[in-house]
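Across the two complexes that follow, chain A remains constant while its partner is chain B and subsequently chain C.
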Partner chain A sequence: MSRNSDQNYGALWLLTPTVLLYLATFFVPLIMLGVLSFARFEASVTTLGFYFDNYVKIFSDGITLKIFFQTVRLSLMITFWCLILGYPVALLMRSCSPKMKMVLLFCVVSPLLTSIIVRNVAWLLILGRTGIINDTLIQWDLISKPLPLMYNEFGVILAVVHVYLSFMVLPLFGALNSINSSIEEAASSLGAPYWRVFLSVTLPLSLPGVMAGCTLVFILSMGVYLTPVIMGGNFVLTLPMLITESVREQYDWPFASAMALMLLLAIGFMVILSSGVQRLVGRR
Partner chain B sequence: MSSQESYGSRLPYKFLVGLVTIVILFLEAPLIILVIQSFTAESYLAFPPPSYGIRWYKEVLTSEDWLNSISLSLIIAAVVTPLSLVLGTMAAFALDRGPKKLKHGLQTIMIAPMVLPHIVLGLGLFKMALQLDIDDSMLAYIPAHLTITIPFVIISVGASLQTFEVSLEEAARSLGASRFWAVWYITLPIIRPALIAGSIFSFIISFDEFIITFFLTTFQRTLPIEMFSTLMYQVKPSIAAVSTLTLAVTAFLTAMLILRGQVTSGDKVIK
Partner chain C sequence: MSSVELKSIVKKYGAVTAVASIDLSVESGEFVTLLGPSGCGKTTTLRMVAGFIRPTSGTLSIGDVDMTGVPPHQRTVGLVFQNYALFPHMTVRKNVEFGLKMQKVLTSERGPRVQEALELVQLESLGDRMPAELSGGQQQRVALARALVIRPDVLLLDEPFGALDKQLRDHMRVELRELQQKLKISTLFVTHDQDEALSMSDRIVVMSEGKVSQVGKPTEIYEKPQTRFVADFIGRSNILVGKLENKGKTINAEGLILPNKENMTNGDDGVSVMIRPECVKITKPDPKATSASADVKGKVTASIYLGSIVQYSVQIIDGPNLVVTQNNTGFEDLKNLTVGDDVDVSFPDSAIYILPG
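So, the complex of A and B:
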């Protein structure tokens, strides 16, 4: 009785409850958003149909497209900083003692499991106008008025990196861990200095992890709502903020749906791009 | 060639350790500062606090608003966790034991809600809840939370099933156990660490969930939503105290997750 030979279609009934749940909470709602995005919203009345009003509005109202690109730019910067900060951690996790690995793992996983809002509160207390940094600097007479550490892009990027760094470290660690270290030993024993081994062996071999981590962090960053609201005030606008506002304040479902679909398209584009790059690298 | 230096020993350890220390400080210092500030006895936030006390914890734990939101969040998480564990484990079994050629496609579908930005999922769920007239109620929160927690159970249980030796289950069945009891007495105890991990993930994710619930509620407030609205209004020490309480719950569960994962998978899983 080998497992591979039995095509056990009977086991699939176990999927039924979850599939039914997803139908109601995932597939149908998404289809509804898709349909709504082509509806018309005039004088607070939604008319279903096949109109391109909302998509035209996205590209022509002068603000939505700008905010969309700002969201993309912010997400790319967040991804970049996560990679820069996360790689050394993954590298050390791979080569340190098991005990140390547990400590690092805890430090890396804990943000993943503590609420975003708690982390944002923590940064608020540090970076705010009367936060620790400004308070201390003013007390020491180093500055006369508070530095603008939040309610700007800096604060938002810092706080989001703080929350999503773990999503970068875990795939990086996975990729680094699966590299057979004898390849590096070989390069090293042939006289290559550390940085040379790193650049021409370790780094290229860890590329799948880099791509996975970057894609994950980018996707998450594109959809983040809470941190820009708390850390950015109304000074850093992102697409998720626009979506939330148009539904909760203006009840403009069609426009919100169109923006949501645009967000999904951007994410889909990124996923395809990264798998394309991976295939390209894999072929080499 | 004389003493051969291994690659490992040539790692620029000091440099790496220095860098990582900074990153870890960046990750953990804000939380430590938050915890310290929550024990201030003053009516304002300052660091270090001029005097210490548990004044703000008392305030939080006697305030009706905070208690209501804490219990709402706890109730939701307590309902979501077991449901999520059962449904997710069933799905993971289906994926593991089902036809191999369908596995990849089905798995992608089953964990899809995890990849979808919660803002989009929340928008869709809000529309659906309005359509069914169940917004601002448990009937909306629980299926919504299940949708984002089940993928985590599928992943952790699925990974464990992959390394599980099916011959153990087959041995029990050849001795006359039915499929269900073989799974119940053999498979489930062996993959227990994954079941625990899945439950903890589900609990924490549901307890901390913000944006989807934010769409679904009008009057009811879960803890994250209460925190958010308080925060938008005023930053008081009470927010630091509540944050610390939340942190304590999740940190405890995380520690359990990591320690149990190590301890139990070490001596219980039969290789």
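So, the complex of A and C:
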């Protein structure tokens, strides 16, 4: 054992590039963000110092907090739908042949392999006012005017779920795959019908994967920017949009920094919460 | 009444035949072992009885009721796996209670029955532990209690001791057999371990390549194997190709002349002679006796010390090489046998068995 750890220490210097990269691109900007969030922005002039102006503004301007909660709600809905749609896929991937598994995996991962612009233009062609769905339904006289499938929450959720489904399916598949199938067979032989085996054995044993997938998708959804911009038009506002606007239109870096830190804190809170739940489940 | 009955059961996977027409029955209270090398179809057969695999053809009945196409949860079988397969997220008690819950046994009745099952396997004090907090042997006992508590028509054991170390395995073997006889529960046991099969079973079904090679009591299987495969697979044995000679009075087995005590007449064709290593006697040549006193002479070519027994390879002069084992009774005479020593070899009548067919 001791020889092993010696070897590990010896290889530590290999981490140097990674550490330098993180310092330069993550920790330094993060500290700058923290410093800036306490600065004062008046008449387009940033004064460094220790002011709470930006944080007071978040809680008192009436719109930022609302959009923050809207972002959380949207992220929770995206997470929920990813779970509902992803679980059956992961179950199927576990039980099907290796060849079919590769096909499913490819389908799930394919959105990640497509350019974000191409993907969203494709959604436009499908969901738009004159997209395939509306055109067909009107042609068949099922509806008289186009359904609002885009530029609303539905469109945003659909498009984001489409991309992030893989981040749910992969941890779920991992968790399901690690369940020894003889445990399920044991339940079955003890008289449990299929649905009961699922509820009593498969689902509880896959909870670590559920938690991992949900946390991952939630974190990603909290920060997603381009897809809501394209799919939501100006009708669905999220915190990342507000941050971008603050920087790009008003050059108000201090306020943008404060909002960014708030987003970070919310995500951090969620991670702590989920790891707490996982530990609780693990102990039970 | 038979607890389990398989009639011409066949299982094919595409072109591959896993089980080729098996007939098998487990009588009420009987302990039947499916014994064979890996890939012989014994686990497939067990899984068909449990209901996880649907036979390609044939009928299967449990407790005299046809169960051929019935799903596993509608059969009352107790199943114990090699890897225990306990529910890792439930306590020992909940594990054992699970089957009773599924059978919709009243809550008030469940407690005592769980307790009774845990007492049966001597784990009554560990009911609140999680499976991960138990040793392998304890986990296997929980699995046994969980299978027994539902009072199954038949207990199915799939290499249940495979993951235990040797001492524990030997101990569990005795314990399981005692429990089985106490409860008089019909049991179908799958193993590739001949010691387990010989020591526990009422009847052994030796399987090879999806077929039944021989069915019989442990003594019959060991002493009167019906095929070369069984003779080879069970225990160590010397199998020699022989020819009847001297008007059928003797057998010439690869140069070794043996009496034909059972008056086998297998046409004029060859016969297979089985000689169990432990039945052959070897002694150091008596220097006082004349050289003609011993029928057969040999030379030790290898010796392996195994503790309670010593295994020798003996090259018979003008004959085959035989494996011979002798009990290590501590007599210096045998202990001093080393490679290259000459020995007298004698074959009691019981040592020679002629394989039928």
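Throughout what follows, the second predicted complex is superposed on the first by the 278 of 284 C-alpha atoms of A that agree within 3 Å, B and C clash if a C-alpha of one lies under 4 Å from a C-alpha of the other, contacts with A are read in each partner's own complex, and residues count from 1 in each chain.
Everything below uses one rule, namely that contacts are C-beta pairs under 8 Å (C-beta built on N, C-alpha and C of every residue); 3 or more make two chains touch, one makes a residue touch a chain.
Just so you know, these numbers come straight off a predicted model, no measurement behind them.
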Greater residue coverage of chain A in the superposed arrangement, chain B or chain C: B
Partner chain(s) touched by A:199 [first = chain B, second = chain C, both, neither]: neither
Touching partner for A:123 - first (chain B), second (chain C), both, neither: first
First, second, both or neither for A:189, with chain B first and chain C second: both
First (chain B), second (chain C), both or neither touched by A:26: first
Chain B versus chain C as contact partner of A:14, first or second or both or neither: first
Partner chain in contact with A:180 - chain B first, chain C second, else both or neither: second
Shared contact residues on chain A - chain B and chain C: 185, 187-189, 194, 197
In the complex, chain A residues that touch chain C: 180, 182-183, 185-194, 196-197, 200-201, 204-205, 284
Touching residues on chain C, where the partner in the complex is chain A: 50-52, 71-79, 81, 83, 85-89, 98-99, 102-103, 143, 146-147, 150, 156
Chain A residues touching chain B - in the complex, by the definition given at the top: 1, 3-4, 7-9, 11-15, 17-18, 21-22, 24-26, 28-30, 32-33, 36, 85-86, 88-89, 91-92, 95, 102, 104-111, 113-119, 121-126, 128, 130, 132, 135, 162, 165, 181, 184-185, 187-189, 194, 197, 219-220, 222-223, 225-226, 230, 240, 243-244, 247-248, 253, 256-257, 260, 263-264, 267
Residues of chain B touching chain A in the complex: 4-8, 10-12, 16-17, 19-20, 23-24, 26-28, 30-31, 33-34, 37, 45-47, 87-88, 90-91, 93-102, 106, 109-110, 112-113, 115-121, 123-128, 131, 143-144, 146-147, 150, 166, 170, 201, 204, 207-208, 210-211, 214-215, 224, 227-228, 231, 235, 239-240, 243, 246-247, 250-251, 253-255, 257-258, 262
